[in-house]
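Going in written order, the chains are labelled A, B, C and D, and every chain counts its residues from 1.
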Amino acid sequence: MTTPLRFGLIGTGRIGQVHAASIAADADAVLARVADPFIDGARAVAETYGAIATADAEELFTAGDLDAVLIASPTPTHVDLIARAIDAGIAALCEKPIDLDIARVDALRPRVAASGVPVALGFNRRFDPAFAEVRARVDAGEIGALEQLSIISRDPSAPPAAYVAISGGIFRDMTIHDFDMARFFLPDIVEVSATGTTTFDPGAREHGDFDTAVITLRSASGAIVSITNSRHSAVGYDQRIEAFGELGSLSVANMPTSLVSVSGAAAVEARPPYQSFFLERYADAYAAELHEFIKLARGEASTSPTFEDGRAALVLADAAQRSATERVIVPVDLS
Amino acid sequence: MTTPLRFGLIGTGRIGQVHAASIAADADAVLARVADPFIDGARAVAETYGAIATADAEELFTAGDLDAVLIASPTPTHVDLIARAIDAGIAALCEKPIDLDIARVDALRPRVAASGVPVALGFNRRFDPAFAEVRARVDAGEIGALEQLSIISRDPSAPPAAYVAISGGIFRDMTIHDFDMARFFLPDIVEVSATGTTTFDPGAREHGDFDTAVITLRSASGAIVSITNSRHSAVGYDQRIEAFGELGSLSVANMPTSLVSVSGAAAVEARPPYQSFFLERYADAYAAELHEFIKLARGEASTSPTFEDGRAALVLADAAQRSATERVIVPVDLS
Amino acid sequence: MTTPLRFGLIGTGRIGQVHAASIAADADAVLARVADPFIDGARAVAETYGAIATADAEELFTAGDLDAVLIASPTPTHVDLIARAIDAGIAALCEKPIDLDIARVDALRPRVAASGVPVALGFNRRFDPAFAEVRARVDAGEIGALEQLSIISRDPSAPPAAYVAISGGIFRDMTIHDFDMARFFLPDIVEVSATGTTTFDPGAREHGDFDTAVITLRSASGAIVSITNSRHSAVGYDQRIEAFGELGSLSVANMPTSLVSVSGAAAVEARPPYQSFFLERYADAYAAELHEFIKLARGEASTSPTFEDGRAALVLADAAQRSATERVIVPVDLS
Amino acid sequence: MTTPLRFGLIGTGRIGQVHAASIAADADAVLARVADPFIDGARAVAETYGAIATADAEELFTAGDLDAVLIASPTPTHVDLIARAIDAGIAALCEKPIDLDIARVDALRPRVAASGVPVALGFNRRFDPAFAEVRARVDAGEIGALEQLSIISRDPSAPPAAYVAISGGIFRDMTIHDFDMARFFLPDIVEVSATGTTTFDPGAREHGDFDTAVITLRSASGAIVSITNSRHSAVGYDQRIEAFGELGSLSVANMPTSLVSVSGAAAVEARPPYQSFFLERYADAYAAELHEFIKLARGEASTSPTFEDGRAALVLADAAQRSATERVIVPVDLS
């Protein structure tokens, strides 16, 4: 039996708490230390899982008793914390995005590459059982050559205006997951075309952002990806994929909240609403993501998305932002 | 090219009009004569299709210019009209049931058998493309041995009390179609058990009939048929079948009225109501039924349900009536 | 915060292990003692959850440190163990059935009623979120008066012949869950009609049991329940319910194993197989069942199925057995 | 009762035959004359419906006994024939596209506008019951403001290379229907972005065409349309629409070929393939299209798509062609 990996968690907001629970639930991991400048948050999580709390993330790197850190703090801190993990020789799983500024990412890039320290990005959707199943079946040739990938991704409701202001815009904040999902199937994206409009969200309007977007990606193989985004969805979190190939298609439906349907005089076979948001929809994915990262941290074969995957998604987001604002089609080079 | 079969139609009520349209639409048939004591009804149909109208069905048998009669007059007239067709040597397609009294059916039985004149019964559902497809796939072995057959059959709303009074009861009037459908898959039924209750229809209560029923049939092979009936259905005409075998199952869904579904905050993927009643649901089946009868009348190979099938359904209905009223399980011998 | 309820578990077979995990996962419960004559099994479970193991269930009643016992031992031991729990004043949650012999159940009945000790039966399906939702929506009047309840319940594959031999027959062993589900919606069943056949299972044939059955129940209200059973199902565990009322219907679909569907030249929108068996299908239900029993044990309001529910299901099973073998319709009195 | 409209049909290929059947089946229309340089084709259709055949379409305009012409001849003849119909004062229903050259369309445009002669374009999909229902429900406000419209349109298999050569390219030949469908919901398209690739069809490769395409349209309102095209589809003709608004969505599913689904060990609820191609899928739409045109020809209120609609679709197709080949986003002005 292997010794469980000792984790430090940086950031105890909503997503940090998800990761804390995943670490605690994984037999191969233990949550040893928790850091958050909002010390009450750190303490609450630490107490729940029997960990040590601190306000200062630096303590995690100097304590000498951690094997890995999970970076779930605000985006502007990611680059420095990854750098610090590399220096300390501690494996890091960092929430997306790496940063909103590609220049800062590129500055860090050679250090990550040279260090040999495992760094993974938190693209949890790759670990969703349904999306992973589709990828595996596409890889197995079930639908022949992949020709079109349609991703529908709509959040249940627009975020607060204050969040929109610092989000980096819909492409870097929300579509970034879809860019990574596109690359999960078709890594070699060569071109981005994006159309964004602002039709309902005052916050998006106030901050020059879009609330509605459609993005087209072209891959080197000729396969085309279509991403449909909205910042709201009356039916609940809308997360669908259709992979279309020469022999047929594989589709991922939304996750219903129950098995019950109702039929009446006005409509029949009406099904229940979908899972409300990502914590419910991707609960299994977060657990699997963590487990795969543990393998990476241990030097085992792992499919964890890498720093390069994180960078590539940001390059695509930047290209989409430019396409949508300057009304041009943008070639990209992800190498 | 074959000469079209010349038809006489007896009875121009709702179902008679359906058959008139089917005859007119079939390239191998022509509607030559129409009889109904309600002469205005006969004339209206005759005029539409260029036929000759009469109030007296006897004229059809003596005219000498008909190849076949379609008997769509009230049930009490069926036995005499079939007998008359046999005497005249004219093929007959008779609406179900043959009669409400098995004694009268049995009295006619040897004459039908001895005559050689083609007599078919109007069990239209055998010709529904979906039910026929399931039968063909079961026969082809797709689900292995057939072990259970579940038939759900619910009318949209209870008939008028006056109709209930003369209907012969739910088993002879409504379930008779389901008895024939059971025998379409499993001809050798050996036992009938029926439970009927009266829960909502004043007409059924008034006339000692049931509005809700569940019937179980056992076949010689050990396969069990379950029939679920109701005289009303808020969602529209409910006509489903599930054939269950050792390798899987084949199911027939209800026929939707459109391809549109709607999703909103309260429910998702809600589909439109079902076809309202049999004229819409079984439009294709009536046409196919007629076409198959034409083959029978011409002496070609045909799968038209026979007089014996009509008798067997009535035997099962009688057994169900006895089971439901005397609370016994009733063995039957359909040979 | 309430002190967790201290549990003793009797029986550490497959279902005992499920309950052990549920107890361990419930914040209001702790697994303190585990008994099984197969002491290795008891020890394995005890070690996993930090409990004390014994080969002798009697120790649990004399230890003096338990609040409740969970009886998951073989059926013939249930009656004595319930009696023992009553004597010890310890709440008991007993797996179904109480016993295969109604005489033994009736002998125990007055003691249970007089004791005041909480005794619940393990009819887990009442706690399935989907079935519970349908019951709640029926109770809320969403489909008007309940007129028909259709239960389809098929196991994935026939049990070993040795199990069939001691099972008490399909009605007492398998349908007993469906009898309770029927009573979950319609407690006042007044009549049972059952048809069983043996079409595929050599074990059933060897021991005079059925592998295929259809059971009809009539309730005092006139509502009719139809239960369709098979000991095998190529598509996986088949557990469906349709509640039909005057305003429409509520249906519970099978639980799919993934969200992925596939479309190709031969068939489209093909969905993945269903959950393989009850441990997967009813995982949530077992946890909810336990939690509700904890409320009962604490004297709080609880919907746990009672000893009377357990007896009623057995009375229905006995009636079905008699109906299926003697070919009679059997009135029952559950009062 | 109104006198039926006397039609002349120009072109008796596959689509011409569909229109001939629609004219014959409509009680308000009669097929009087049929023209095709391939005189045997003209004669065959004429004989079937009791019309007069000619090789020379000009005869239809001079005969003096026609109220309307249906132009189903090859695309290069459309402009001249519309012009001829205007001169003759005969209403015209012309198959799409008007022409492959927008200059020729624009040259004809003022004459159509000035003439007062009814000219309609054969955008049959507007008359599909499902698409029309969605439009009506969107108009009625059922999903609030329309924000995104997703159109999936895939043909069953690529056309012959010889057809590709003269087709005008995928956008003018195939997507043109989708451009009109987009405008059926959102007439004011202001921008086109298209990505096309050639992944499987040798004919497309040979003639510099695309076989796979994704097109994004922006409307003046900010609503975004996404069109997904492929020249092949293993599952059959793939024709879906999803209208997404602030309150939910309305979706049109593909039309199945039967009501039967199959469940087995490998997959469950597998449904039958879709209708093979447009003649089957849009049979109802062609009949409705004709009937609406008859109203237009009679000077009644009509929703028939106009010459302007035909021109707008071509403008969008030209913009898509430019976008896809020059890799630019193309503003359009449809006024």
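Methods note: a residue touches a chain if its C-beta (ideal position, glycine included) is under 8 Å from a C-beta of that chain, and two chains touch if they have at least 3 such contacts.
On a predicted model such as this, the values are computed, not experimentally measured, just so you know.
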Item to complete: Select the chain at the greatest separation from chain A, using centres from the mean of Cα atoms.
Response: B
Fill in: A-B compared against A-C, more contacting pairs
A-C
Worksheet entry | Rounded Å distance between chain A and chain C, as computed from the means of their C-alpha atoms | 41
Practice prompt. Give, as an integer number of Å, the spacing between the C-alpha centres of chain B and chain A.
Written response: 59
Response to the item:
Expected list for chain B, residues touching two or more other chains, is 234-235, 247-249, 254, 262-265, 269
Practice prompt. Give every residue of chain C touching chain B within the complex, in rising order.
Written response: 145, 147-148, 150, 152, 154, 191, 193, 195, 197-200, 212-214, 216, 218, 221-224, 226, 228, 230, 232, 234-235, 244, 246-249, 323, 327-329
Worksheet item: In the complex of these two chains, what residues of chain B are touching chain D?
Response: 129-130, 133-134, 137, 142-143, 247-255, 258-265, 269
Fill in: Complex interface listing, chain B residues touching chain A
234-236, 254, 256, 262-274
